[in-house]
């Protein structure tokens, strides 16, 4: 029962904040809702037994990436709002329709799968007692070490690239 | 599939909804920054999926993948926003419709 | 900082700002935190003292001079009185000259105390402020005992002093000197060798000796740049020619050097006061002054070394009316402030307050 | 202790890394020198510990550090095998002795260099110590390597360091050229060496020293025929000759004197150049099965010794005299190895390391005092100014001349004795060499320290600082005492070194070797050692039976000893007479035998010969090939070209009319026909995204419908 | 644990929240008093004996003051910013162990709200959320000084967070756990407070803590002499009070974290030394509070002593001193951990 309350409550928050992100008029407001959305997702992670990922979600996403967004939003002091200029070729309505259709289809697939007799009916495993941080770390540094190193190279490259972009051109 | 008890499939549906929301944002908005944020929403939906699968399979590999997605999202945000700033410096706008130098 | 180069930010520092020492207004154009341009706007405290003085009789003007450099009223009084005495060629008794010297050196210490306190406060050292006010309070007590006022003393008269010092005052001054000597190390402990203080002040706001002369700086800012100019030494007035003291000078011409110069002036002032107390002659404190002061027609300029720099008075008398024909002040704060715009260009916002502080201005004197 | 043997090369390598990475930019000279010297000192301490350990239990221990090259399928003489290499260090008496020499002399030379290189700029100073440390690390790897591959890493590494250090003053053209020359000549040797290693692998299926020795022991001794083992040994000897400057590959060593003097002392006298001797000693079993190659080695060694000694007589550059002397002494070592007296060769290697390092460092002090002057003729009378240098250098000269009881006497006498037993002709050559050695050494001493000429240096020469003289003194003491570990039985000694080295170089088929990887000695070690000793004695007896050597009797030993001392004294006396008492004699002699003098002065014209044949030949061949290119191939190509052009013109016409028309028509029709598609290219990112979503939608629809 | 199991955490949360809020208000009094003594003054003396009721008076004043929203401010953000600043500061207390376990009413009650297995990371991530309050406050005020200050503050927070997190990793490596409780227990088992193991980490962490809480000499974001009060220039009344509370709550968090990581949390000094066992008679939470208090005192002491850094100097200290030191420390720690 408790889990159901938590799930539906969090789902409402996540989707609600998501809607606010894409509809807010000011970009700053969007950013704030994005943070709240991420925090709600982090709570979902905790519910799903992924504490480490939840903390990383808050630390890296909410505390790092989104701060970057906020910085950029505040730095680009817009002289005319983007919504002012409208390209006639835009197919916004079609886009929303398609997105809804995709959502409906995915939902249908999941529901069918879940209802299929072969599907395992209940949550398979309860979260590991005492957390799974150690397991994540273990996997990260053994089986996925190469991927880990590649990711670090990617971050380095991104860092260098960003510095190059943002540099004053003189 | 019922509303109760909550299974991993519920989370999959939630993730799908979040993904669709992100996609809608990408379609809807013209401010590039908000576009980026919508992409972040979609990435989060993917992460949610991975964590749900990780729960479903009782294995933490999904979480490890989600960690990599976080890293990639960080790189994407950094480079994307860098490009965006450079773009803004040149054109003084953030309208996606004006990013059209390659139009046919 | 390159992320911030998208916009140039214009901010108004003052006239309502905690560290512009009154109502100075600095319009800063910022590139991020870096100052790319600065306009100094003054006049918010203009009371027209020069013009007012042309409608007051000669003794009344003493009161107006109090309101110029209000943290250093005694030296303003002295400058004015000596100018009129020079115009009228009045001989001031030796005892009066000694007491004037004591008063102006006490005033110098008090003024420097106020400066050091606020300057350190601008840079974030809060305790130094209160330490300095603790000692300044003692000086104000001495002034109160001498003339009854704590800020605007009107402590001098043309031809001498309004009254002799109270009995025991000289001893109290000596006691203060002994006490104050032990307090200077306290300031130094907090600042002189403090890494952060040095980083904030060294090589910041550098001005070379030649530039300082070209701009017209006087007082500690000039001496901080290594020019040994001091009116007390170069053109002695009051009783300064009878005492031994040194003129401290800096070398780099940065904020830190100006700070060191003023700290050394604390010690030199104590030296002068002790000599004056030891050799205080007996006699009257007022010279032969006519009842109605009406200087002969003519003009004169006389300068003294106020705590801020060279304070000069230029007075024209027509010899007929009992008011000055023309009264003009050369205020050191005003002249020193001219260095500010060229000092702060290219520095950071935080340095701006440090530089304003290091010049040591009083807006009452700048605007008059 | 044995487990930590890897620390021996590690410390100098770490010192090199620190100095190389940080020192060049940031460290002061003092810090650089401290790091370099301390790393060597630690290494020395470890080497002493290892030596004590080896003396206590003279067995070979292998230390396995890790895999390197994973197994690669290969074909060997014995069928399919896997070629693989691992990081294995081998510590046995021979390695311990070599490590002690490298670290001990290396440390002293580091210490000496701190003062000698003082006038270098800071960055250059750090670079020098980086190279020097790196050299020591590689040298230790060379002598400690447990298989050919690890040793080869060290082998190439020291070659590299030698190149870097010879060309240390790279802005000086001659130094850079000398470095290149050394490198290229060594390359020839290394080619032989590498092929030798491959051949050894092909023959034995392994490259581990112990295993090779064990295998080779089972092969028949190739007494008459030039078989597989002989080929391997010859190839290995080519490498050894390159590294150790033997005929015909010795020409690089004199030129290598362009490097700083401490480098000459360390690399080109004491350690690296002896690597060739070490190789022969290390593979003594292998070589002992190829007597023909041993004979070649002995002959080459003797000839090299004599030839170099004769050249040294007329050289006027102080360092070149010493360089030829080094070549000559190396020749003696090879002679000893060639006649089967491997332990005598190693003994001479050790003593030579001491006195030659001493002589080089002394010459460095002289050069230092003369402000860079190296020409003997411009020196003289330095005895007064450089008392310490003088005394120590005389000690070194006496040692190399073979005057008892200094180190050189014992080792050289041992070689002469052994040679006499095997071949009288070679003994004659060696004896002449030792006579010449004494002569040219004292000629050098006379030129430098005696004579009436005032030195031509602008300011009076001065004794070097303490950091330079202290190593000199230590080395002088070493020169005096190090010989005592090899006092022959004739003189009532025990010939300790021969016994000490015996397990490493005798027939080691049965010698126990243990893999050590962190654990203490396994139980039964002592028994194994005892058993090994026993078998060793048996093997030696068998060996003696197989190689009949005319046993040195007491009387003969005494006689030879006396004779060699006499020869040394004669050489000294002659030098004294010619260069101190009658300085005009040599000049007259040179005039009288001008042909011989010129021959010697020009080093038997070997360099010119190589230049005329090999170098010119190479250039000439290249030029001829270029001509062939120009005439034959270019002509052919040009003919083709003309043909092609004709064809191309025809093709062009077809293109222009037929193909271009078709293409243009296609382009035009595409351009005109794509007006519909082009509208999709809106430049709106979101429309592209829309297409992605559309694809997703389609995919999902298909999926849903299909299930 | 019966059906009332949910009650205990609730009670704990209530107690901790109230205690923290009271501690924060009295922290203000403590600061004023200590600084006053440092400056040979008396400090607040009027409200209650020696001013002990001053915090209450302050609270009443702040609550009753007019809460002004500037005319052209972004009202919604202007309201949410102080909340986003205060909430992270308060919920960080959830994982701080004030003591071990105690027996209250016959039950075994832990003296911490939660022992999360990623406790330290939790604190780091929660405090990293606090930066939003500052940025949004600066942006929402629609005023230049606050904007400048908030940019300064966020740059400062982000860059010092890197050094702090890296230093925390050193401690984590030493302790081998991320849980706050387990870190304290590790100090018990290792027989030594980690301050003796990781002294460099303590210094860097404390300097970083000063910067994170915007305290002298890193109080650039609210330097009133330069930026007239920084990002909360436009704030007044309760919303200002929230920023105020957040700052002092953050100070307490930093002190508590330092205490837990380096000074053995609730452990008495040298808990394994036999003849010092009598120190164990003082309850653990008292030790914890005493240690925290010492660090809070150091915070105030530093404020009374040092001038303020300049913005670029501050960034230089962060990037060119603290982060390299933290990296080196981490490197050395890792090497020692692996090879010892």
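Here the chain labels run A, B, C, D and E in written order, and each chain numbers its own residues starting at 1.
The rule is short, and it goes like this: contacts are C-beta pairs under 8 Å (C-beta built on N, C-alpha and C of every residue); 3 or more make two chains touch, one makes a residue touch a chain.
Just so we're clear, the structure is a prediction, and the values are computed from it rather than from any experiment.
Fewest steps needed to get from subunit B to subunit E, stepping only to touching chains, is 2. Each of A-E and C-E has its own count of C-beta contacts, and the greater count is at C-E. Here the chain at the heart of the shown protein, by mean C-alpha position, is E. Of all chains, C has its CA centroid at the greatest distance from the CA centroid of subunit D.
Between the CA-based centres of subunit A and subunit C the separation comes to 63 Å, rounded to the whole angstrom.
Here the spacing of subunit A and subunit B, counted between their Cα centres, is 5 Å. Subunit E has residues 151 in contact with two or more other chains. Subunit C has residues 3-4, 6 in contact with two or more other chains.
Under the contact definition stated at the top, the residues of subunit D that touch 2 or more other chains are 682, 684, 686, 689-690, 693.
Interface residues of subunit A, counted against subunit B in their complex, comprise 1, 3-4, 7, 11, 14-15, 18-19, 21-24, 27, 30-31, 34, 37-38, 41, 44-45, 48-50, 52-53, 56-57, 60-61, 64-66, 68-69, 72-73, 75-76, 78-80, 82-87, 90-92, 95-96, 98-100, 102-103, 106-107, 110-111, 113-115, 119-125, 127, 132, 135-136, 139-140, 144, 147-148, 151-152, 154-155, 157-159, 161-166.
Listed in rising order, the residues of subunit A touching subunit D in the complex are 87, 89-92, 94-95, 98-99, 101-102, 105-106, 108-109, 112.
Residues 682, 684, 686-687, 689-690, 693-694, 696-697, 700-701, 703-704, 707 of subunit D are the ones that touch subunit A when the two sit in their complex. Here subunit C touches subunit E in the complex through residues 4, 9, 11, 17-19, 30, 33, 120-127, 130-131, 134, 190-191, 194, 196-197, 199-200, 348-353, going by the rule given at the top. Every residue of subunit B that touches subunit D in the complex is listed here, in rising order: 23, 26-27, 35, 96-97, 99-104.
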